[in-house]
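The two complexes that follow have chain A in common; it is paired with chain B in the first and with chain C in the second.
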Partner chain A sequence: MSYSVTAPSSRTKLFSGLVVSLYALITLAPLLWIIATGFKSGQDSIHYPPKVLFEPTLEGYVNLFTTRTRIPSDQVAKEPASMSWYEEIVNKKGEMIAGPSKYGERFLNSTVIGFGSTALCMLLGTMAAYAFSRFKVPLKDDLLFFILSTRMMPPIAVAIPIFLMFKNLGLNDTYLGMIMLYTAVNLSLSVWLLKGFMDEIPVEYEEAALIDGYTRFEAFLKVVLPQAITGIASTAIFCLIFAWNEYAFAVLLTSGDAQTAPPFIPTIIGVSGKDWPAVAAGATLFLVPVMVFTVLLRKHLLRGITFGAVRK
Partner chain B sequence: MAEIEIKNLRKEFGEFVAVEDSTFKVEDGEFFMLLGPSGCGKTTTLRMMAGLELPTSGQILIDGEDVSFKRARDRDIAFVFQMYALYPHLNVRQNLEYPLRSQRASSSLIREKVAEVAAILKIEQLLDSPVGRLSGGDRQRVALGRAIVRDPAAFFMDEPLGALDAEFREEMAEELRALHDRMRATTIYVTHDQLEAMQMGDKIVVMNHGIIEQFGVPQDIYDWPATKFVADFIGSPAMNFLEIGHQELGIGENTVMFKEYPIQVPASVQDFDGSIDIGVRPEHISFSREVDGISAVVVASEYLGTTQIVSVQVEQTILKARVPSGEEYAIGSTTNLHFDPRNISLFDHHSGRALLSEGNQEVLING
Partner chain C sequence: MLQPFIDKLVQKTPSSVSSRVRGLSDKKLAWLFVGPTILLLLAINIFPLIWTIYLSFTNYRVNRPNRDVKWVDLRNYERILTDSDIWQTMQATAHFLISTIVLQVVIGFTLAFLINKKFKGNDLLTTLIVLPMMLSPAVVGNFWTFLYQPQIGLFNYVISFFSGIDPSSFSMIGDVHLAPWAIVIVDTWMWTPFVMLICLAGLRSIPDSIYEAAECDRASQWRQFWTITVPMVLPFLMLAVLFRGIENFKMFDLVVQLTGGGPGSLTTLSSIDLKREAFEKWKTGYSSAYAVILFVTVFGLASIYVKALNKVKDR
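What follows is the complex of A and B.
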């Protein structure tokens, strides 16, 4: 979409092209480096000068998902020939697989907690936003301010009280605790964003539905929600990104059963020397769900972040 | 289908009184107009009748049943919004099906009804298009279809033609009226356009500042306005007013004085002592060159085809007369005015209310 009255000159095009490419390079380079490192061997990953071209290996990924023990060099050849490909990779380095690592579990925890809190946040957020948008709520402005004010200090400022509270309630290191915590932190954002979207939807649609024989709740589900889908999608992305990437609370409140991937990934470094390919592999896989989620909803996101800017 | 009665209906928004103790009755099958300038409370009245707004006090009866505090969906009515309010995420067919689905109608009945309504409104070829791609007129047709499809007891329409182009509005107005004549369903229609109200309505309620000014058939309201507001609001150009100052009026008296000129008016049926304004429609003013009338100076003339509107100045007042376009009136020339004595209303200058005369007593006592 071009709003310029005249067609841009070739120099303008060249300049804007350069700026965009430069920006893309700055943002994408670290990402590409992480992805590339995930496929390097241990030596290649710390090679100086850094290697741009290298022989790809899945060593990092195998290391990420396994724990290994060193085997005496005389036993290397005695291993049965019927090794699977990942055993072979490990065997070449004089190691054998001792068992699976915790990465899979941690990843699953992240998924359950991230998507769980996002879903809960959307459920509560849409209903609260609808109520604030449509009904005469007593002390509406004060309540809205209160909800916003929970975002005014960094969440980590209340880490100690939350830690003590969670400890007493037995919520430390549980799914429920983490989902509740991330939902609470995200709810202010989702209520405020969604209220903006709800305000944009003309009341007549619901009134038409009310007269057409639907209850208020049915009108909300069948008429308001489909139209708020843009707002819900973009808000969900923001909530998921926060919950997915959150590190500080995760370090503090989870250690085992409910530990998410962010606090786990750095611990890989310590297992057997500085295993950068495994760390990079872990980071790469960690990026995938949010990327997939964002790509799936990108159409809504684009419309969502410009909402209110243009009259339909 | 349905007879609707409004009794002392009142609506306050905090301090602001939107509708003040309104009472009127809509007969079964009537095309009923709620007319007034914006902010007069007509839409609020309609929304209360539809159940989208709760009254502060008063009653709404549909077929004798008090529905004042019932939910909209329990009132068996359909509503057509000015901005159509078609569900944007559904196509035309799904929009039409929507009210039936809420009643858990069988799919064969739904198909049948939708086809029938589409045929009535001639929108069969649009059934599968998304509503976003329709023109304004087609959208309004679909909105009407969504109202008709359920066979409700009454239709409520809130300025349904307000968002259409002037040209197309007339066409839709005719279509609407024809549709009503065919279905004979009680229809309540809100508009600020007096022409639309006169053209389409069986009966009109004129509202201003939350108060019902007059209630009656278009002809009566036009001929015998109950207040100066109604006289001014209805008709284009509006009714002319001429202040004639303090007069004493007895029963049976049929002459008032403007300066030294006597003006014939319908015989009064009430005693009155106070300042009076004369109200006369443009088409009831005629000119003559003789010297027996009120003398006036021609200030402008607008040509309208078969008629013309000639503005004349009497003292400080401008009066507009509708006369045949054949006659010629030079600007600046002097002429004499005659008012048709059968069609003159007298108003109390201070309250704005019409004085009762033999002409308007029948209309005003009922209204």
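What follows is the complex of A and C.
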């Protein structure tokens, strides 16, 4: 290794590493606690002092996906042989399964609306970003700023007329309405990010294609798109995460058919009061996919969260 | 509502689109590509905004659709600006904004500074630290109410473990002195990594040669920090503050799930108050005026701030 006057000493490195590790430990504790609570029994979850070591159970997950009723104590474990494993777990607590809960539906709604709006957003965003990157669009800077400024509005501020508009058009609490809304919300992000990615693709490639007899549209499809694919993929993941996490519009504009998971998870309750293991189980299933995506995205993370303002 | 737009679009679109799109001139292609985005934003952002502005001058109420809608001039605005409750809400919002930004800048910058010492495994730790900010604020906020429970909550337990205070003697969410800090703590937990990432990009943008030159001139570490590091990271830091400022001015999901605006109305931030007026009391005209005021405030503050930011950048 060559000697450098500016390289930090090994003592500085050790100290920095320790402090940052400590911070990471503190900041991850609540997330680990969510995951752990999902595997606790009801009693363990509210134990004092809080239990770090416990016997894992799938009770929370079973409760998450079912609604249950109490049964008289003499009926408990009468015929355990004919019971499936999840019925057994419920039966041990003196309850029986009454039916499926709404969690599955809400999770599916989140998936449909998330992927639907992301697909639409990428279609519109890619086209607009290409035009802004390559063509002379009149009032380009104004239009780009207008697109960005739509992000500054508090969601509640536009929610009133959107609520009225959707009511008149019959779009309240529908997939179509929510997909259109989330697409509009995410367009600012996708246009700005994608424009940055497209600016980085040298124009020479297209020019060569045009000389070879491609039309502009063909050049866009066959030359630019394949090169922009990493950018498009990471932008898509950002749009998906934002749509996945959105709460304000979801809680105001959906209540039944199209309700997504974020407004639903906090309302999960058990037979007697708040069922924290079930809430934690629901949260875990909902949050873990995002954690995985974040790890995949790590190289483009900074760019995504700053609308392309900071590139590494 | 959208019919005129759609009609026009149908008229202008040729019958055999697919075959003709290929031969379009650049100019037409540009409009074809930008058009749908602009139309959607007009329909879902600008049209509602104009409608909000119109409603803000009326006494319209969604829950009484048959009542005559009267034009009330500026009366809604007058009532809002003279309402002491709303000023209290604004104060709560300001407290939240300033505390979160100060804490996140201090902790975020420190972390970035330490990570930039390039110790082994700094990439992995950065990725782990970043996780909270990507998660759903409503879902995470809801779980924090569990961590904040007196007696059984992990947060209270850890505090009592290190300070010896009885964990059931204080409630972060229920206490009038603690609740405003309860929301600040969770927001800081969630968004410090955001500031950290941007600061890290700033620190990494400083070329080593500058420090080497300073070393040759025998400038002390302390001096190098204040004359090189801080000024060069400042534009990045200001950008981070802008983003956090706008986001926290709009703050709704996390705080609604954490405290619901309580105790009393101590943590009722502007967005939460607005939601109550609009969707619980159904004062549509009144809350539209409220929305316009909030939007103008955030837009105005952001514009002034961006001007300052550009000055720092150009320096």
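Please note the rule applied: the second predicted complex is superposed on the first by the 276 of 312 C-alpha atoms of A that agree within 3 Å, B and C clash if a C-alpha of one lies under 4 Å from a C-alpha of the other, contacts with A are read in each partner's own complex, and residues count from 1 in each chain.
Definition applied: a contact is a pair of C-beta atoms (placed from the backbone, for glycine too) under 8 Å apart; a residue touches a chain by one contact, two chains touch by 3 or more.
These numbers come from a predicted model, not from an experiment.
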Which superposed partner A:19 touches (first chain B, second chain C, both, neither): second
Touching partner for A:227 - first (chain B), second (chain C), both, neither: first
Touching partner for A:210 - first (chain B), second (chain C), both, neither: first
Chain B versus chain C as contact partner of A:194, first or second or both or neither: neither
Chain C versus chain B, contacts on chain A by residue: C
Intersection of chain A interface sets (partners chain B, chain C): 215, 218
Sites on chain A touched by chain C in the complex: 4-6, 8, 12-14, 16-17, 19-21, 23-24, 27-31, 33-34, 37, 46-50, 124-125, 127-128, 130-132, 135-137, 143, 146-147, 149-165, 168-169, 180-181, 183-184, 187, 191, 215-218, 241, 244-245, 247-248, 251-252, 261-263, 265-266, 276, 279-280, 283, 286-287, 290-291, 293-295, 298, 301-302, 305-306, 309-310, 312
Complex contact set, residues of chain A against chain B: 202, 204-205, 207-215, 218, 223, 226-227
Chain A partner contacts - residues on chain B that touch it in the complex: 50-52, 71-73, 77-79, 81, 83, 85, 87-89, 98-99, 102-103, 146, 150
Contact set on chain C toward chain A in their complex: 1, 21-24, 26-27, 29-34, 36-38, 40-41, 43-49, 51-52, 55, 62, 111, 114-115, 117-123, 125-140, 142-144, 146-147, 151-154, 157, 167, 189, 192-194, 197-198, 200-201, 204, 208, 211-212, 215, 236, 239, 243, 246, 249-250, 252-253, 256-257, 270-271, 274-275, 278-279, 284, 287-288, 291-292, 294-295, 298-299, 302
